[in-house]
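Each of the next two complexes has chain A plus one other chain: chain B in the first, chain C in the second.
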Partner chain A sequence: MMGLEAHVFSNAVTVVLLVGAGVLVAVVRRQRLWREAAHQLWDRRKLAIIVVGLYLGVALLDSIAWKGGIPEDVLDVLPNAPLTLIDRIFLGTKEASYSAPFADVEFYGAAPLRQPGSHLLGTDILGRDVFYLALKGARVALLIGGLTSLIAIPLALLFGVGAGYFGGRFDDFVFFLISTLASMPGLLLLIALIMAMGRDTLSVCVALGVTSWVGFCRLSRAETLKLRELDFVSAARALGVPEIRIVIRHILPNLAHLIVITFVLMFSGLVLSEVVLSWLGIGVDGSWGQMIDGARNELSREPVIWWNIAAAGSALFVLILAVNIVGDGIRDVLDPRMQKGSP
Partner chain B sequence: MSVLLQVKNLRTTFPSASGPMPVVDDISFDLARGEVLALVGESGSGKSMTALSILRLVPKPGKVSSGSVLLAGEDLLRLPVTEMRRVRGARIAMIFQEPMTSLNPVVAVGAQVMEAIQLHDPINKVDARSRARALFAEVGIPDPEARLDAYPHHLSGGLKQRVMIAMALSMRPEILIADEPTTALDVTVQAQILTLLRNLQRERGTAILLITHDLGIVNELADRVAVMYAGRLVEVAERKALLSNPLHPYTQGLLKSIPSRTPAGERLPEIPGVVPSPDQWPTGCRFSTRCPLCFEPCETIQPEEIEDSAGRRVWCHEVERSMDAESSS
Partner chain C sequence: MGAYVIRRLLYGVGVVLGVLFLLFILFFTVTKPDDIARRALGEKAPPEVIEQWKVNHGYDRDLWPWQDWNDNLLFDHYRRMLTFDFGLSDADDSPIMDRIKAGMGPSLALTVPLLVFGLLLAIPLSLLVAFFRETYIDRMGVFLCVLAMSVSMLLYIIGAQFLIGKILRWYPISGFDPSLLMLPRFLAMPIMVGLIGGVGGDVRFYRTVFLEESSRDFVRTARAKGASESRIMTRHILRNALIPILTNVVLAIPFLFTGALLLEAFFGIPGLGSITVDAIAANDFSTLRTMVFIGSLLLIVGQIVTDLCYGLVDPRVRLE
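== the complex of A and B ==
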């Protein structure tokens, strides 16, 4: 299935994610507490939210692919390849070699430019439009940050909340697990996992997820230990609420602010660690990390090929900055200690 | 009146270095249908632990080590966990001392009451909501419809306690355990909550086990009073008899130390010393270390229960001696 119809699968995943986001928005809109928090966040961090939204939009346009509709004269893609909207916009922009931003003459005496002056950020050594590559990187970055968080956070919650609430043997087991993982060098474990599972996006996400849940697991365990001693948990027990229901209805909602904050902060950390993986040669294809890695050597040319690394670097920088600013805003809005009228 | 809840020889222990330490020691009492029984005692006397033992909610590592709790003849301590869960809330409900922290801060109060309703009664959301609204109105929450969607931090302490009471009453329990329901509230609100509890008890016939250290509240609400000291009962009596003629020296000391009973300008009498911690309890009468009437057997022999014809019970060597003297003369 993954082989032939990969684009159908990834289209389906995109649709599922969109529906999930829709449900999330509906839930947030129904709960006054969250609705107010969302409004406050928008008021405080408009620009950063818009920037993150732009990245999301680009990634979305780059996520739905379909076949056909490729003009006969385009030779740089297979005639039956599934292409996304972004791919289609930049169809036929491939040059034979380098082009500087807005350059209208060829570089290094290679073949004359097919579309002089049209490359906003120039082209790379293979003649691919750098702006196009930078846009394509958005999807990979969001996938790595988002998907990995979606793997790591539920894992951390399952172990952390379970250990904190039920204690006993399960707590011992989780702590054993945490200590074992913490005693291994994270990067080596990551490399070993990727070597074992392969280098496709999903494998890298799983590997990153497995190695990055420990911190939040500790945090959620500690927070649960605190929450389960609170009176409203005793009150729920005195009303005859089953233990599992107490966890779902009373513990998890009280962890929600931590979950949201952790998600956002984890996200930027994960995107950055993919760059490190790319530098080590085990990154995800099409990521900004690989662009940066590939452009490293080009810096020593004369004249300097700077636009390549600059484009990937600034795309990465702007995304991380915006996400961190939004994350900071979310923390301000949600952290109970920052709110007035709560203990 | 028929006996609804019968607590027999209840003992709750916590493990310690020197073996299990009883914090509730050999407590027996009855609660009749529709009756208000006040459980009175200083902090650390085991009042709250007695209540939690009845519901089998003693925090770990403590446990109920012996005795029985019969609800309409059925021993709660021997029920399977799932059955016990059905008793909690539906037949015995509890309200806690701190309304500030007894409500989940991130869930609207209406949803919390609805949860309590739907837990024991499979009805849909709309019905549960209208039931919650009716309950809110019954416990005197103004504008109940709007309050259903309020979060705990929007409400005052008194309103929160009313929500707690509404939640506890949602399943029409036969017994309501109120653990110092007014301690955290200011005086005017206290009076309102007490009136509310009394009205509810009269209208619904709910039996109330009222845990308090405030004798004013006892006077206001209780039919009978059980006085606890250091994990044991010292005296159980009708309210009037106990307040006008306390038999046990500890009860006498408690009553003497009420400010309004002492003429102005005089020094308020007090019971010397503090409640000993469980590892320092004397082998004899628990009160012997602070008792003004303590004599020879008190320090070594636990006093036996003395019951008079009116059902009044007291545990005291001194009372026993004076009664013996009376009957022999």
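== the complex of A and C ==
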């Protein structure tokens, strides 16, 4: 990554993610089980899926950045800074201080606003548009949830499936590792990891990943132990299929529904953890957690500055709620234990 | 049973040693004693002051036992943690043990009522929801649970402090007074917030437990005998669901001691959670690793107790 600028990298990642999503959709459409599950999910949880899609869209718009094209009269950004689409929409809307939603005067200073009535959710103490900040938070939240899951789930699968399938010494080692990590209180371990590794975005994601892979590792190990004994695996082994191929072709596809369910349910927990970390001063820059933490004391001002925390709080709440509802729906559709007749 | 107890205990000891090793890796090798000293003394501290500080805090040795078997940080770390000799805080040189003793009482004063009221609130609610399973009430209840779970604890706390403390002025916004007369005044709001923040997840969990029990054969038998639905609910389902509920409660007990991090810090309760939060703010590594160790130790003991209880009740567990 040396020599590569951050915004170029971000654009590349966005493209890779979009291509990945396209491939995923193609796979889902090809297989009947997944196609039906997707249809069922869409029928049951339309609104929540649309909401999650909106957040994804905002995050994508905020991930595509390029340089140049900044008008001469905008003074509050560097002329050669890479700006995202969202940045460009809100270019030049910075005021000097607080303004209430739709207000036309500044709060601490009598000067009229440069753009009266255009601040949908008001501005914060530095005069930044709150709506803009809340939109920017979407990318950070999805990054925390997504990146961490991309670290945690493959790790858990590697260890869980490996331990469950091959057994022996490796299984003993993995089981010991899981019990050790599971016997440390989650938040404390998380804090210890971040304190030790430093406080940048990547180490927060790694720390969240390390603390959240354990549960899924245990689950995938138990499930692999069950699958290993089934007839189709024995048949494959009798036919002389190499072990690695058995794992990839016969074990992993049968864990796919668990992966999807875990990913969605893990996501909301991760984003909520980040809020607590932000308050402890070890969170990720630009997240809703930091907005909430920053706006905390402004509730004690007179007049009360409530719109800041309300915007960040509701943006967070709506995303988590939508993801939780979609997650519940996915579990209902995919988990055989949740089918009709049983709870 | 004897062999099972010994095996389980030995495994517990192994896990404790594993936790200590992980803590050593995190707090001695990833963050080196020099870094800790510099964070405590400032970036511009002269080398001799740093050396003196390291001597005072016992950091002036080799990390690994390769050079000197008796005098190294790894074994010293194990020896001190296992004998509960936690030493001095990295931030203000006060003995850590004294702070823990002082923080235990306030923490328990908050967390014990929280656990008890939480159970008293969550179990009847989840029984009610499970009783009306697959009806409008059930779906509404589950939705409310998801709704309550989707709000960050931070927002609950800030909201309560703003609404109850500042606007309505029912209770003080934060503070603590150990006298019995004043205690409820200060604890009422944190307990309320804790209950609201936790009840959603609890009700959903207990509902699943109850529904799992209600699809068992003995429930169908009871229904076939003509037992009333409320009798089935309390006599057959609740009774049998007590085992998973008990597990959940035993595993929650260690967290009574480590305290509620957020609640204590926000409401100014000088418990163990507050100590941890202060340690983070002050880069106080020795206090932090002690808190992590104590929390882990209690959790391991809790897990062993649950497993032994299971072994006592269910012979199949012992054979695995």
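Note that in this section the second predicted complex is superposed on the first by the 324 of 343 C-alpha atoms of A that agree within 3 Å, B and C clash if a C-alpha of one lies under 4 Å from a C-alpha of the other, contacts with A are read in each partner's own complex, and residues count from 1 in each chain.
Simple rule for what comes next: a contact is a pair of C-beta atoms (placed from the backbone, for glycine too) under 8 Å apart; a residue touches a chain by one contact, two chains touch by 3 or more.
Since the structure is predicted, the reported quantities are computational estimates derived from the model, not experimental observations.
A.B. asks: Does chain B (first) or chain C (second) touch A:L189, or do both, or does neither?
C.D. replies: Touch partner of A:L189: chain C, not chain B.
A.B. asks: Taking the superposition as given, does A:N254 touch the first partner, chain B, the second, chain C, both, or neither?
C.D. replies: In the superposition, A:N254 touches chain B alone.
A.B. asks: Can A:L33 be said to touch chain B (first), chain C (second), both, or neither?
C.D. replies: first
A.B. asks: Go through the superposed model and pick first if A:L150 touches only chain B, second if only chain C, both, or neither.
C.D. replies: Once the two structures are laid over each other on A, A:L150 reaches no partner at all.
A.B. asks: With both structures placed on chain A, which of the two partners, chain B or chain C, ends up touching more residues of chain A?
C.D. replies: Looking at chain A, the partner in contact with more of its residues is C.
A.B. asks: Once the shared chain is lined up, is A:R237 touching chain B (first), chain C (second), both, or neither of them?
C.D. replies: The first partner, chain B, only.
A.B. asks: Could you tell me which stretches of chain A are touched by chain B in one complex and by chain C in the other?
C.D. replies: Residues common to the chain A contacts of chain C and of chain B are 342-343, listed in rising order.
A.B. asks: Would you tell me which residues of chain A are touching chain C in their complex?
C.D. replies: Within the complex, chain A contacts chain C at residues 176-177, 179-181, 183-185, 187-189, 191-193, 195-197, 268, 272, 275-276, 279-282, 289, 292-293, 296, 299-300, 309, 313, 316-317, 320-321, 324-325, 328, 342-343.
A.B. asks: Touching chain A in the complex: which residues of chain C?
C.D. replies: Residues in contact with chain A: 11, 14-15, 18-19, 22-23, 26-27, 30-31, 133, 142, 146-147, 149-155, 158, 162, 166, 208, 211-212, 214-215, 254-255, 258, 261-262, 276-277, 280-281, 283, 285, 288-289, 291-292, 295-296, 299-300, 303.
A.B. asks: With touch defined as at the start, can you tell me which chain B residues reach chain A in the complex?
C.D. replies: Going by the criterion above, the answer is residues 55, 57, 85-90, 93-94, 96-98, 100-108, 115-116, 119-120, 149, 151, 153, 164, 167-168.
A.B. asks: If you look only at chain A, which of its residues touch chain B in the complex?
C.D. replies: It comes out as residues 32-33, 230-232, 234-242, 249-250, 253-254, 256, 336, 341-343.
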